[in-house]
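We call the chains A, B, C and D, going by the order they appear; numbering starts again at 1 in every chain.
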Amino acid sequence: MTRQFLRHGWTAGLLAILALLFVFTKIIQPDFGTSGLDSLSRAMLPFAFATAAMAVVVIAGGIDLSVASMMAVAGVTAAVLMDGAGDGMTAVAVVIVLLVGLTMGAINGALIVITRVPDIVVTLAMLYVWEGVALLILNGPGGSATPWLRELIVGPFIVPWLPRSLVFLAVCLVAVWVPLKRSKLGLSIYAIGSNDLAAYRSGVSVGRTRIAAYAVCGLFAAIGGLTLTMSTGNGEPIPGPYLMASVAAVVLGGVVLGGGKGALLGPIIAVIILRLVRMDLTLLSVDPNVTTIVEGTIMVVVVMFGGVLAYRGRHK
Amino acid sequence: MAADGYTIGISNTVQGNGWREEMVCAMKAQALVSGKVDSLNIAHRNTDATGQLEDMRNLIQAGVDAIVLNPSNSDGVNAAIEEAIAAGIVVVAVDQAVSAEGAYVLSNNQEEYAYLGAKWLFEQLGGSGSVVYMRGAAGAGADNDRDTGFKRAMEEYPDIKIVHEVFTGWQQDQGKQQILDYLSTGLPVDGVWTSGIDNVIVDAFIESDVPLVPIVGADNAGFVGQLATVEGFTGAAVTNPGSIGGAGVTLALQILDGKMPESNTVLVDPSIWANNDPEGKALIAAAQNPNLDPEWPVSVQIPGWTDYSMDEIIACKGPGE
Amino acid sequence: MTDQQAQTPLLDAKGVSKRFGAVVALEDASLTISAGQIVALMGANGAGKSTFVKILTGALKPDTGHVRIRGTERRVGSPAEARRSGLVPVYQEPSLIPDLSIADNLRLGDTPVADFQHWVHELGIDGLHLDDMISALPLATLRILDLARALAVKPDVLLLDEMTAALPTDLVEKVLDTVRKQADAGQSVIYISHRFSEIAEICDRATVLRDGATVGDLPITPGVEEKVVELMLGAVLDKDPTRTSTAAHCPEGMPRVTVRNLAAGTKLQDVSLDLYRGEVLGVVALEGQGQDQLFDVLAGMDSPTAGTIALDGKTVSFNHPADAIAAGLSFVPGDRADGLLMERSVHENIALPQLARFAKWGAIGMKKEAATVKKAIDRLQIDTRAQGEVQRLSGGNQQKVTIGRWIAAGVDTLLLFDPTRGIDVRTKRQIYLLVRELAEQGAAVLYYTSELAEVPAACDRAVVIFNGKVVDVIEAADADEQTLMRAAYGLTASAAVSA
Amino acid sequence: MTSETTMFKSVGRFIGNNPLVPLLILLLVLVGVLEFMRPGIVNERWIGNTIKFAIPLAMLAACQTLTMLTGGIDLSAAVAATISAFVMATQVPIVGVPLAICIGLIPAIMIGMVNGFGVAVCRVHPLIMTLGTGLIATGCLQVYQRFVIASGSVIPDGLAWLGTGRTWGLPNALILFVPIAILIIWAQRRTGFGRLLYALGSNETASRISGVRSWQVFLALYMLSGLIAGVTGLLYVGLIKAPSLSLVNPLLLPSVAAAVIGGTSIFGGRGGYSGTILGALILTVLGTLLTLLQMPEGLRRILFGLIILTVTTTYIRLTEQSR
């Protein structure tokens, strides 16, 4: 019962919380509607991609502390490449940025596999490295983003209440995640996170799978970095506050640190919840510092609750 | 409280630094004393331009009448500014300029800030000597602007040599360790230009028993105190008032009341207070206030723009608190 | 099948050796198998059987040795490669991914689902859904799934490592049937089990390992057991090497531990027993009859769902192992990995319970502690050349450390769960001696062993647990292995022999 | 070839038994490089300054070391230190120095208590737990700050003396640090509490079987970590002489790095504080080295990251402690 709940109930519970929050938002701000939804989903973008990036490696039994730095590298790379570039070149630039992301992630993964140093340590070191790389590419805010690319996340899509940014998010996540999850690689990622010895014995190439998981993480981080440039119109070399936020959302979303469990849906819902909480607190014009406290408390309380549930589950 | 008072939104992306805290307090105090503001809606946290876009959109959702923001960088938040303006919201950027059309800018001139201090320093050195250049945070917009100003002064004094260039990240501890490291090398230093991490630099000279050299800092309470009290110390503070936030609120209220400024951009030019000229000395003496946090700029008011008292800004209370 | 083919063995491994640090797991091991054969790989615990299987199937890399498959030399680099060469293992530990469903596990290894389902059905498991999570399934089912997964890829050589150890009797029969059929169809099987009956029933030959080396290869004929045992052990184990008196043990007075109608978890149904001071009470049970839960409950690791435990007549209940320890019950877990701080020193390992017992967080009396630890080391003759980290000790010495930590402080009641697993004959004897000695000094010892031959050697009496219930109590002194075995299978002495 | 491997192995064995030696060598090499780059820099004053800045880092890294011994981590340590410093400095004008110091330490210990509760009782992963409490504490600090703007802040002379002063060329901070370091090193080897940390990090099941009530240990551990963080904050504010709301935060990731470089395993059960102290010194010297190397800031960070990675890789290889 508890296990079943932990498996699907967690996501269902998050959805319920999200629904309640939407109702609450509508009550405190009766005008809340399409434009609110639009700004909410645009605010989500970088967090959602950072979270997706983190979720993949956590599912694979690892962690990546360099996510925010990789986003910065991708963001400035995009801004520099697109600066003065034509529409066609922009597409090339996007492809390059995605490749850069894949490469950064693969380097992280390869270093973990080759050095056999714990992932948390390797990615801590790489956090500095990618930060440095971003600064080398652009030593201050600069570059620009091609207008048509920026338009991708502005305004509604077909129907007025559906923000394009949400569609963009869904398309990117689905385009990467669904084929991945269906593929052998996706299964292997879950397998090495769940039990890497058993995975190896089942014929999984553990090292290669780990590198691939980190590469996917880098890819998501690159898309996240791209959305930074898309929404601001230029590149910032200083990493934004996405590292800790992504770890928090991943755990809130039901992905267990240690690996093997969870998916992307839960963490993404967790991201929406956290953004919506911030929006509500701003709408209520709550002291901004209290907002930080509320965010921290939500995280701690929910995770403690999850911990107690899991403990009870083990001892039934 | 006026029933028809305004609601003003505030967006700031650096938290936990004295200058920004003073700026927010100035906004609150000015809103309170103006009597025209019902409530302030403050988004104040550590984040990037994208986070500021989020905060500003939330403020738009909250239906504020005006937004006063300290932009994360000058181009990065234009999208939200344009949306706000389209929604009929008055937008005032303080401290740094924004490039969005229709926004009002009330900014400290960062380029001039660096130029003024550097020029003073180079003059003190008689046009030649070894200077330690202690910048802000690598990659930050304001740091880049200041660098431009600094380089401009350098061009005027070709014999000045930068012997050491570091980024303090606007962190007191890093700045202190960096200067101590440099002092330990025993290499020459004739003057230090800092981007506002200043009082720890003076401390470092004193603690290492190295003869003090001319140091340029900002008008932070701690540094201004040192300018007045440390014996044998020649230095200058360049003003970079955090109270610009209060001025921003005033400007926003004026616009809301229909009093349009002549131009969309108002630059608040810095002034320099050197402790080796009588005028500067007097200003420094007048600015002493032991009650101020050492990280707070002492120029808590901007004449003509702010009306609150020293006590009111220190109380840091906004309307309805 | 041509003569030529029959001549070339399907699989031929020679001179295989493997060290783990200083532990020599395999040393010049060899094995040959031809098509249609079932070869038993035999050896005492720790002889290197599992290591051999892992090397043959690419899960471990050998230090030296060659493996020929159908006459050509091969380096089997990974389990996936082994499978492509037709070698498919079922490892001793379940190798399914816990957090994936059955279907996903199959997909991971490219296992044909229809064949898998055919074998699952054939092996007698029904009502299984492919989207069941592995972590939700019982151990016995997992073993069968592992086997079905291996069979589904039509292996040339199937390697089964203690496949039957955790299975109930009916499933064991099915497995044996299936293995036999494999061989009849021309496939080969390498079969590992500690149960002679199974070996005798299906195997053609036995290859015997001792201390990592192949010491014999003989056809299975009636009465071959004695010879195999001799090869396995290198010596014949005395029937009763340690008993000082053969006089029937007669417990008296108040039992130290009284267990009544205890039930816990899924396996332990209804166990009652009395453990007296001065005696070693054996627990005889096949794998998975609930004995682990019995020990867990007594050690305070788990709480019972029914029944009572009394110490010296007073009913107790434990919330934490610390409560059990405070009440004088010391538990030596079966898996050394559960009991040892592998990265820490012998000293710290032995001293650990003292710290916990007296909740002593403050300064440690280093001299006094050193003396206590030394006493334990001496008494158990622990080889301390590699005492800096317990993981560098040999298996037997590690086992001594787990016991030694309780001896150090003096024991009252000792709960030993299979303490001789994976250790050599000499060390085993030392442990029997120690256990007897402790009992003679007035301790009460509850002793579960997976090797029935140990019961008469170490115990006074033995309770037999079958299906979670006590089915018999036997005087150990006059229990021979056959009686015990029959009892363990739930065939009490009085019951008629079943067909 | 074979002789090389055996040599590597025997070097490895030697280092396995004396894990501090390679760290010491690395430290000396770095100092040598520094002296080579800027001849004359390695003088008494420089040594004093290096130690002065390494001490707060080493103290914060004590929080990481102790928690890492049990397989945990304390990401709230920097915030706890900052809070202590800030609360103390702002309370001095109101309640006086001794009481202010006590008041300053309370929030740090409370953060530790909440961490301990979450980790020990609710079995929350320490990474998440301490991350969350760090966030909450930051928010609380910001709120607190608004109430004390008017009261100003004072750094007690004693702390300034401790933080910046020197006696016989050596920083006064050693007066605080040496006893603390000795106490920690002694505690981890010679007290039951220290042993239990290793035991829990090495094998929690085994510890449980041996009767260790882990929740008590975790609770005490995280509270201790909070206390050490608090003391670090007090010392650090004496060194920097300006309380700010982010005072100690920049030391957080370096404190983790110092513990890791010092040979403490992030999985628990291995390592110790003496290595961490060397790790903190190495990082501090490395910082100096990179500051004095005139190169773009980006390159400096890249080098910093790569050096951390190289050092830990080599170290783990040599002592064969990877899992």
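Rule of thumb we're sticking to: a residue touches a chain if its C-beta (ideal position, glycine included) is under 8 Å from a C-beta of that chain, and two chains touch if they have at least 3 such contacts.
In this text, all values refer to a predicted model and were calculated from it rather than measured experimentally.
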Touching chain A and also chain B, the following chains: D
Reference chain B; chain at largest CA-centroid distance: C
CA centroid of chain A to CA centroid of chain C, Å: 45
Inter-chain centre distance, chain B versus chain C - centres from mean C-alpha coordinates, in Å: 72
Whole-Å separation of chain centres (CA-atom averages), chain A against chain D: 30
For chain D, residues that touch 2 or more chains besides their own: 142, 146, 297-298
Contacts with 2+ other chains: residues of chain B: 138
Sequence positions of chain C contacting 2 or more other chains: none
All pairs of touching chains, each written as two labels joined by a dash: A-B, A-C, A-D, B-D, C-D
In the complex, chain C residues that touch chain A: 59, 78-80, 83, 89, 91, 94-100, 104-105, 107-110, 133, 135-136
Of all residues in chain A, those that touch chain B in their complex: 29, 31-32, 35-36, 39, 42-43, 45-46, 134-135, 138-141, 144, 150, 154, 227-228, 231-234, 236-241, 275, 278-279, 282-283, 285, 287-289, 291-292
In the complex, chain A residues that touch chain D: 63, 111, 115-118, 120-122, 124-129, 131-137, 139, 244, 247-248, 251, 257-258, 287-297, 299-300, 303-308, 310-311
Residues of chain A touching chain C in the complex: 3, 7, 184, 187-188, 190-191, 193-195, 197-205, 260-261
Residue ranges of chain B in contact with chain A within the complex: 7, 39-51, 53-55, 57-63, 72-79, 137-141, 143-144
